[in-house]
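Two complexes come next, and they have one chain in common, chain A, joined by chain B in the first and chain C in the second.
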Partner chain A sequence: MLELKNISCSYGRMPVVRNLTLDIEEGSTGLFGPNGAGKTTIINAILGLVPLKTGSISFRGTELNKLKTHERVHLGISVVPQERELFPFMTVYENLIVGGQNVPSARDRVARTLEEVCEIFPILKERFEQKAGTMSGGQQRQLAVGRALMARPKLLILDEPSLGLQPSIVHDLFSILKDMKKDVSIMVTEQNVRESLRAVDTGHIMENGEIIITGTADELSNNPEVEKAYMGL
Partner chain B sequence: MNKKKIYTIAGISAALILSVILLIIRPTILVYGIQRAGIYAAIALPMALVLGIVHIVNLAHGEMMMVAAYLSYFICTTFGIDPLVAAIPTGIIMFFLGLIIFKTSIAHTLEAPELNQLILTFGVAMVLSQSVNLIATSQPRKISLDYVSASATIGDVSFGIYDFIFPVLAALFLAVLIYFLKKTRLGKAASAVGQNPRGARIVGINVDLTYTIIFSLASMIIGVFGSFFITKFSIFPAVGGTFTMKSFALVAMAGIGNLPMVIGASLVLGLAESLVMSVPHGAGWSPMIFFGLIIIVILSRSFRSKQ
Partner chain C sequence: MNSTVQKNKTWPVIFGILGVIVMILPFFSGPYIQSIGRTVITYMILAISWDMLIRSGQLSFGLAGFFGLGSYAAVLSAVNLHFNPFISIVFAALVAGLIAFLVGAVVLRLRGMYFAITTLALGEIFRIIIHNWTSLTGGPNGKLLPKLAFDGASIPTYAMMVLFALIIIALSEYFKRSRIHYALTAIRDNEIVAKSSGINIYKYLLIAFTVTAAIQGAAGAGFAQLYGFVTPESSFNANYTLIPLAMTLLGGMYSTWGPVIGAVLLGVLGEFLKLYIPYGHLVVYGIIIILVLLFMPWGIVGMAGRLLKKGESHE
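Up next, the complex of A and B:
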């Protein structure tokens, strides 16, 4: 559903993503790699927050290259950024509402989506009136996921969602993602390959801005190379 | 009870006690203080929107008010209409002038450090005042209207009542802005953009458009105020300068992003100035009040943040 064709990105003169081609199918996809591999950069390129040096990106048949970030979001791509990017002085409730109100196709259903999101993350409903900036790191991450879901995306992209979450919540989160993928396609980046392989259909492993291994979840968990490099601990 | 509440309550009760004392000994000080406060608040509120909500520093604020006043003046003299009617076309023209100023200058500094905005808008201020100087000359202009000298007498004090239009105007601006920010989608989007522009893009907000509309809207409010300004004061190319400084200080005093407190800060400034002006030879000292208040606010802020 999302196709990256020969894309390259660089910061200044330093190339970070090199001529990378990646097909994100419906269902759920994992993008794995060590620190600095270029995972966040790819997500920013999908959003149009980082310019492409070469190549093109298209989503469900629409070429994205010329579209602004908000137009890409309106097409149905929602991102939970690594840095969360919440609105710190707004309440939890206001953050969620803003998440739903600014995407035309989700606007009419804000009330219903809000109920669904609160069912998934009960903590958010308990803290409706708390300012987002005063929530704990893990709670903020749940809010960031909730806010992204408010847009009723067709593709939900999560950048290292397990970062800073306690293991039991990571476990819950991946179960939730597994349930959700019936309704919405998911792309998730992770360093924690073992936990995330439970939740994805397909995985790509990247290093230094290039994809080095691609396979189904089963293939990857049985691949000795992957075992050695990423699940050794 | 937290410290912030204690400060607020202390501040409000001090202002109330001061007002009551003034009301008893010299009611006119209170009346003129409130009228001055209305002028300050009405011109500071659009800056509170631009600086406090979307964090744009605009040093051409007062000059834009001056341009609006001239526009209104020429509309009135050309078409023979009243400035209060001219407020509508002036507001509309200023909306588009604000849009042009934003698109051609400020829009290019949004990602840059704030100092760039400061210098750039300072330049815009000079361009505006010098252009008006060229076109309209530095000769002061005034529109004489009968109704502005209306006065009332209560007991043995009499005072001008027309100037109460400024506090009313400020209250109207505040009500419109609060409604806009709390109830409309664009208003909420503006708060989101101010708090985290990147986050705003990610949730699907058209950030560039939001900045543009907020700045244009503030310009429109400045335009309406400019029309009211000319009903009472004479104008010349340098008339706007002090309003930039005063608005800036009032928004800072109120606390960035706190619109209702702009009214409170304006009341403190207005009443204090009016009090000083009422003592013999006091008029010359009234500008000192402004600087004194700024120093007090900055000192107490840094003192509080140290605690």
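Up next, the complex of A and C:
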């Protein structure tokens, strides 16, 4: 579905992602690793927010390198950024509408998608008139996921969705993601490996801009190296 | 939720009715009041157009530039191509819009202060070109119109400006209710997230810049048709940038009614003050703006909205 071939990215002279090749299949994929491993940089590269030094990225057969960020989103890639990154002065309703209105393939079905999103996150419907910036962290995360779903993506990318949330909310969120993967492919980057492995089919462990371990969720759960380094066992 | 929506719809209607009354009143007075009305409406149109662009977060100081360009386009088309006054206004809007489109394709890659300073410089470049292209523009002496709209009759020209203002108010409200509004607000709130939500930032900024410049050009053309002459110094005067900006800040940004209310209040007050302290009215403008920014940064409409919401939450 999403192919990253030999990509390298750097900030100034500092390399962050080194010659990385990664195949994201349909279903759900986890990208795990500590701070500074290069997870967010890969997402930014997929969106075209960070230029590639080498390599190429293609999505469902279309090369993304020369496409602008909004054109990549129009192809069916939606991202929920790490810091929730809502439009804080817009209402919940407006945030959701913006998510669907600007993607040609989703535009005609905004009303229906809105209902579907509100079924997944009922709290959003109750807060339609509230300014997004005044919501709690967990609600903002739900809104960010809801806004991304409004684009009816083929691939939903979530950048550290558990960041700054209390464990019970993280647990609920991953349960929702687990349900959602029937309808949309999901790629999630996380430091919280234990919780994430519940929701993904396959996972990749990153360190210093490189993939060091790849396997199914079961394989990673039982890998002693992963257990020791990322699950605190 | 329904009652809130209902209340929110009531206030624009009240503001609208008040606005219509204020616009109609000069019809029942003399030419002097109608002349003030025309000037206030010109500034109101400029203020609304400035607000329509600032909704995207892009601060433009290019109002006087496109205003002057429009006024010259109207006069030169009337003199050289014998366009009638109304066609010349439409022509001026097209010229200003086309130039904004071409210039915007380049300068809209800039953001914040860089964009603001570039638009200010653009206005100055337009003025210098007009000033020095003597064979076409008449140079520093300017140009005279052979014939004024409605032969300069006071009531019809005032009616023309009222109609013009109503069209711009409707256009601004359309902007507020369309997909453009959400896109522009998203761009203002967070450009990276806007891009990541599928918004073609460049396209929407170019639409907003082109449409607002066309409005400013048409306002300049209307003004030239009212007064019958253009000179570089009068048509590209910095007042056409600064006064609409002050009016919008007073009335409240990011709405149609903010600039309308700001223009009526500051415009009428300015005319009144001119009688007692000629040129000193600009000092009073400055003091008002400082006070508004310090104590009422959301302007009159924003403050009224907040008070209303407070009142509703106490009910």
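What we mean here is this: the second predicted complex is superposed on the first by the 232 of 233 C-alpha atoms of A that agree within 3 Å, B and C clash if a C-alpha of one lies under 4 Å from a C-alpha of the other, contacts with A are read in each partner's own complex, and residues count from 1 in each chain.
What we mean here is this: a residue touches a chain if its C-beta (ideal position, glycine included) is under 8 Å from a C-beta of that chain, and two chains touch if they have at least 3 such contacts.
The shown structure was predicted, so the numbers you read here are calculated from the model rather than taken from an experiment.
Superposition of the two structures on chain A shows chain C clashing with chain B. In the superposition on chain A, A:P161 contacts neither chain B nor chain C. Judged by the touch definition given at the top, the superposed model places A:L86 against both chain B and chain C. In the superposed pair of complexes, A:R147 makes contact with chain B and with chain C alike. In the superposition on chain A, A:E129 makes contact with chain C only, not with chain B.
Contacts of A:G209 after superposition: neither chain B nor chain C is touched.
Residues common to the contacts of chain A with chain B and with chain C across the two structures: 47, 49, 68-70, 73-74, 79, 81, 85-90, 94, 97-99, 101-103, 147, 151. Interface of chain A with chain C (complex): residues 47, 49, 68-70, 73-74, 79, 81, 85-90, 94, 97-99, 101-103, 128-129, 147, 151. Taken in their complex, chain A has these residues touching chain B: 47, 49, 68-70, 73-74, 79, 81, 85-90, 94, 97-99, 101-103, 147, 151.
Looking at the complex, you find that chain C touches chain A at residues 1, 4-5, 179, 182-183, 185-186, 189-190, 192-201.
Chain B makes touch with chain A in their complex at residues 185, 188-189, 191-192, 195-196, 198-208, 257.
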